[in-house]
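Given below, in the form of structure tokens, are the structures.
What follows is chain A paired twice: with chain B in the first complex and chain C in the second.
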Partner chain A sequence: MSTIGENLPRAPAIKERLSNGRLIPYLLVGPTILVVFLVTIGPLLWSLWLSFTRWKPGSIAFQNPEFTGVENFVWLVTNERFIASVVNFAYYGGVGVLLQVALGTLLALALYNHVENRVLRVGLLTLFTVPMMYAPLVAGRIWQLLFLPGGGVVNGLLGTVGLTGVGWLNSRWLGLTSIMIADTWQWVGLPLLIVYGGRASLSESMYEAARVDGASRWMTFRRITFPQLRNLIVIAGLLRFMDAYKFFDKLFIMTGGGPGTATELPTYFAYLVGFQNFNIGQAAALTWVLGLGSVVTLFLFWRYMSTVQGGTN
Partner chain B sequence: MTGVTIENLRKEYGSIVATNDVSLDIADGELAVLVGPSGCGKTTTLRSIAGLETPTDGTIAFGDADVTNDPPQDRDISMVFQNLALYPHMTTFDNIAFPLQAENNASEAEIREAVESIARDLDCEDFLDQRVVELSGGQQQRVALARALVREPEVFLMDEPFSDLDELLKRKLRSEVVRLQHEREITMVHVTHDQEEAITMGDRLVVMNGGDVVQMGDPDTVFNEPAELFVAQFIGSPQINRFDCTLERTSGETTLRNGDLDFSLSDDLAASLDGAGGEEIALCVRPQHFSWAERAPENESDGNGSDGDGSNGELSVPVTVEVIEKIGTEDVVRCRGPNGSEVLAVVASGTLDEGAEGYLRAEGANAHLFDGYDEHAERLN
Partner chain C sequence: MAAADRTSAVSLLGKGFLLVYALFAAFPIYWTLNTALKPLGSINTFPPTLYPESLDLSSFTWVLMNSRAAGSIIDSLIIASGTTVLSVLLGSLAGYAFSRYGDAVGGEDVSFWLLSTRMFPPIAIVLPMFFVFGWFNLQDTHLGLIILYLTFNLPLTTWLMRDFFDKIPYSFEEAAYVDGYSPFAAFRKVVFPLVRPGLIATTMLAWVFAWNEFIFAFIIAGNDVAPYTTIIPTLVLSNQILWNRIMAMAVVVTIPPTLILIAFRRHIVEGMTLGVTEL
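Let's look at the complex of A and B:
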């Protein structure tokens, strides 16, 4: 036995550590970490692994995941159907979110500034927010029926003023636009509520000062209202954009991606690949690409927010 | 620049009457101060001139033009708000430039020049590029003044803009505003509840109470000849001494009796009481008009020391000094008079000690007599 180690403190035994309380925090947090790992991080890592494999459960050839390198990703970026769905998403997410946020802002300011009657104002606010409580599939079904080419309400109304109806859901851009209209109807209440709340928090005497200073309505909006609400509008836009990212239900019920594959969005395509064709490897690769896209979006958003930090009051 | 004429302005909010029947006439280039206690209607009057309130009744004219129903942006006014109402997301420069940009008839270089010039006048140069939320209270105040003064409006309005400032800054900005007002001959309406501020700044005071104008006049007139008991008590610091008296006329002599205290009035003052509506007369004397005497006036006192007395119209009150408050070269002395009342006087600093006994004397000409004890009691002399 050497004498060197004798004076070193020995590591305390578990019993000792328990009794002096140093292990207790880990024991308390442990189960949570374990659960989080099992339901979130674990599957995430597993799906990352799957995106590099070929796995078609139920088929004879690929009963089990088989490593194929970047094959799935090559397949994805050369797949015209996927690229078309990304273009669809750019239109749907870009124009749709802009439409919802612009319309919501407009309605919020109009309600705040021009509806003097309190009862009427609250009534209208409620009316605009009620659709948010509809199940998306129900809202989608309602609008699908409204947009029916023959016997639909929209074409019926057009007929009464002498216009010929169109096939609202029967082509790529018009179909996407129709879905956009349905989604705007349901969700315009969100930016409306956010912007309305923001406007209500701005000081009235500041607006009196602007009137005294001789500012026109447009100048008041451009120089006073908008700059102070900009961050809220961006947040409303981000919330709607995140929703557009995972958008599925109305597309599913209204066009089912059709006609053909014309109105497919990436998430819908991923659903078909994963749960219709059970091509799990390809679906995993696809959703990882979408996931990274959303991370980039969030990153850009946070960078914007940090450049205008303290930009509101 | 133009004058402002208000006729019979009435403003109701539901059942609350903010201004009852206000008429006033402010001359071109004049600095008028609306002064009165909280809720007297002065701010409502100012906001009506601005067009931020629509009168229930009455008219407002700038010069010959009736502007009663014009919105603020058509009135060519500027205003400093009590809470300043700066644009919080903008820099100092942008705040000051805003009214000029709204006018939209000056080039960018002209705007820059105008902003920098007024910023120099009001010491705002050092923080032109800073956002106003980052500024101190006093700096924000100056920005608010600069924003209002950068244009040359018809009428310039100020709603208690100095109320949140420390004394030194308050005085400095007040005199700066008065200087600019005189220099540019701006028609200015200033609202304050601070009577001292009103007296120092105004060419003319408009004293308001309970939604009505109770007196209009230059500061000296309002101070020396208050039209109502309310004005006498509201204007002047320390507050005027008030003795609620009963009128007694005996053979050729007119006496005002306040408990044990008698005031014999000179013939002039006695004559002014002919118009009195009753026996109740409030006699007021400003603390500044009292002087100290060791003993009662020599002539024909009845020897009773508790009697105030004054032939030749001199008023005399026997008192004991209780508290001395130093206000620089002068002292405010709080005395206990007969009947336990408090009497205030202003004397040269250091002349009196606490506990001193003697008489406060004032000339009859400095007495203010009011027809009753009510705040609306009218001046008699």
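Let's look at the complex of A and C:
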């Protein structure tokens, strides 16, 4: 910018630029950008190339990557197992995220409005958020124990009150729902914290005015609280939805995609294609489709954040 | 009076809802401890016993004394700490540049682009890296996982540190320059003390994410170097899952993140929500 209007384009020696401090920002950012290129961008680009090849390192026929054009992508979109996993993803990502965001919002508002004691409030906040700090794999293992088909804790407790237990992890939709319950237990804290922070920052004078006008609690929620917090609620939902693209650990430990292939999600299918079948080209195509999906979601998130920030400033 | 009744009814409903959810949230945590303290034979009994009839500490002794279990915790410690040091160091430098020389280095767009690399599914990164690590003999090594964990921690630390530096007005540094401080002295005496809480929270978060990682460790390591997450799926003895040992391990490995949350709650919350609570 500063060169505009100057007569000649200058090429100052490195030494001079250093002494001016102009290089400092690049020196500070450089190592990070370099690392990200070496461990993320580079490998991903190589994997993009692999997605157009056939490569099965375990077999004799395709020891080295061999260019096959869009063959892997055609295989992918016509693969029933993949399509079923995308349907599972839509259920898990759609219903699961809605559940977490709705529950988190309700908990945040209940905590803010109905718990006056500060110690109790902090205690509950900590209890609701502590599962977020657990390894997802550990959380999955704990819930697997609770949901175990024979002699599991949930069925056992149901049995003591005379109810018959169900096979929580033994069918497609119930299995996915059980995993969703475990995931909600772990992650409800995120929307909760976001909404709680938002509610705490709202000015009390609006609520005073509503009270003076004799507005009911429901009216106050619908006309003041919800519209003011809507942006934050959407952001919490998008943050959770982006995590759904990475979902692996709980599925791996709780059902392993089973029974059969019933509860597979795309990431898990990609793992099987890549590291069980060692069909690297197909797995690369699959992971790139997933990656593009998450990038699109991120783009929506970014655009939403910009409009929201533009609106408040 | 009717309005007041309704208000107290709503309040009661809210409190009841919180109580029910608190029980739901606490139950799995309690059951982990309950299972860890039972002998294997009395775990999957009907009806389930709500507390251990006799305390059996052998599972905890196993976690702390068995070379494979204790070794896996040490492996996790080494890897999580190594990757945290690297990612906080590099991320702080980059975050400072993004905050202070925003336009020169692409500002928010580039730092957001960095953050976006974190959103790629880990399986997409580990697939090519599996072969890259094969060429460089980094499979099943501490260093390999330390490097691989930078893929999610470095974008995070850069993004969070930029956010924390942004909260310190640049005028503070300018004032220090006017007083004759060098840039380094200004950073050390003015900026660093102010950013320290944020730096600590960033460090803790990066550590917890690395500590809890599974899929990279599972695919790249698991033999010579086996973080605790790779041990937890394997504890099976002749078709019997060793629930008491698994849950004892779960208790032990969740203690550090739990303490971190309690000690640094405010700042961790900011980090976990990527700073959006500041909107």
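As a working rule, the second predicted complex is superposed on the first by the 263 of 313 C-alpha atoms of A that agree within 3 Å, B and C clash if a C-alpha of one lies under 4 Å from a C-alpha of the other, contacts with A are read in each partner's own complex, and residues count from 1 in each chain.
We take it that a contact is a pair of C-beta atoms (placed from the backbone, for glycine too) under 8 Å apart; a residue touches a chain by one contact, two chains touch by 3 or more.
Given the structure is predicted, the values throughout are model-derived calculations rather than measurements.
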item: Fit or clash - chain C, chain B, common chain A; value: fit
item: Contacts of A:S203 with chain B and chain C, given as first, second, both or neither; value: first
item: First, second, both or neither for A:Q63, with chain B first and chain C second; value: neither
item: Contacts of A:R223 with chain B and chain C, given as first, second, both or neither; value: first
item: Touched partner set for A:H114, first chain B, second chain C, both or neither; value: second
item: Greater residue coverage of chain A in the superposed arrangement, chain B or chain C; value: C
item: Touched partner set for A:L145, first chain B, second chain C, both or neither; value: second
item: Which of chain B and chain C A:A215 touches, first, second, both or neither; value: first
item: Chain B versus chain C - smallest C-alpha distance in the overlay, whole Å; value: 6
item: Doubly contacted chain A residues - partners chain C and chain B; value: 216, 312
item: Contacting residues of chain A [partner chain B, same complex]; value: 203, 205-206, 208-216, 219, 223-224, 227-228, 311-313
item: Chain A contact footprint on chain B (complex, rising order); value: 50-52, 71-73, 76-79, 81, 83, 85-90, 98-99, 101-103, 133, 147, 157
item: Interfacial residue positions of chain C with respect to chain A in the complex; value: 6-7, 10-11, 14-15, 17-18, 21-22, 24-26, 28-29, 31-32, 35, 44-48, 90-91, 93-94, 96-98, 100-101, 103-105, 110, 112, 114, 116-117, 119-125, 127-132, 147-148, 150-151, 154-155, 158, 183, 208, 211-215, 219, 229, 232-233, 243, 246-247, 250, 253-254, 257-258, 260-262, 265, 269, 272-274, 276-277, 279
item: Footprint of chain C on chain A - complex, ascending; value: 1, 21-22, 24-26, 28-29, 31-33, 35-36, 39-41, 43-44, 46-47, 50, 57, 103, 106-107, 109-111, 113-115, 122, 124-139, 141-143, 145-146, 148, 150-153, 156-157, 159-160, 185, 189-190, 193-194, 197-198, 216-217, 231-232, 235-236, 239, 242, 245-246, 248-249, 252-253, 267, 270-271, 274-275, 280, 283-284, 287-288, 290-291, 294-295, 297-298, 302, 305, 308-309, 312
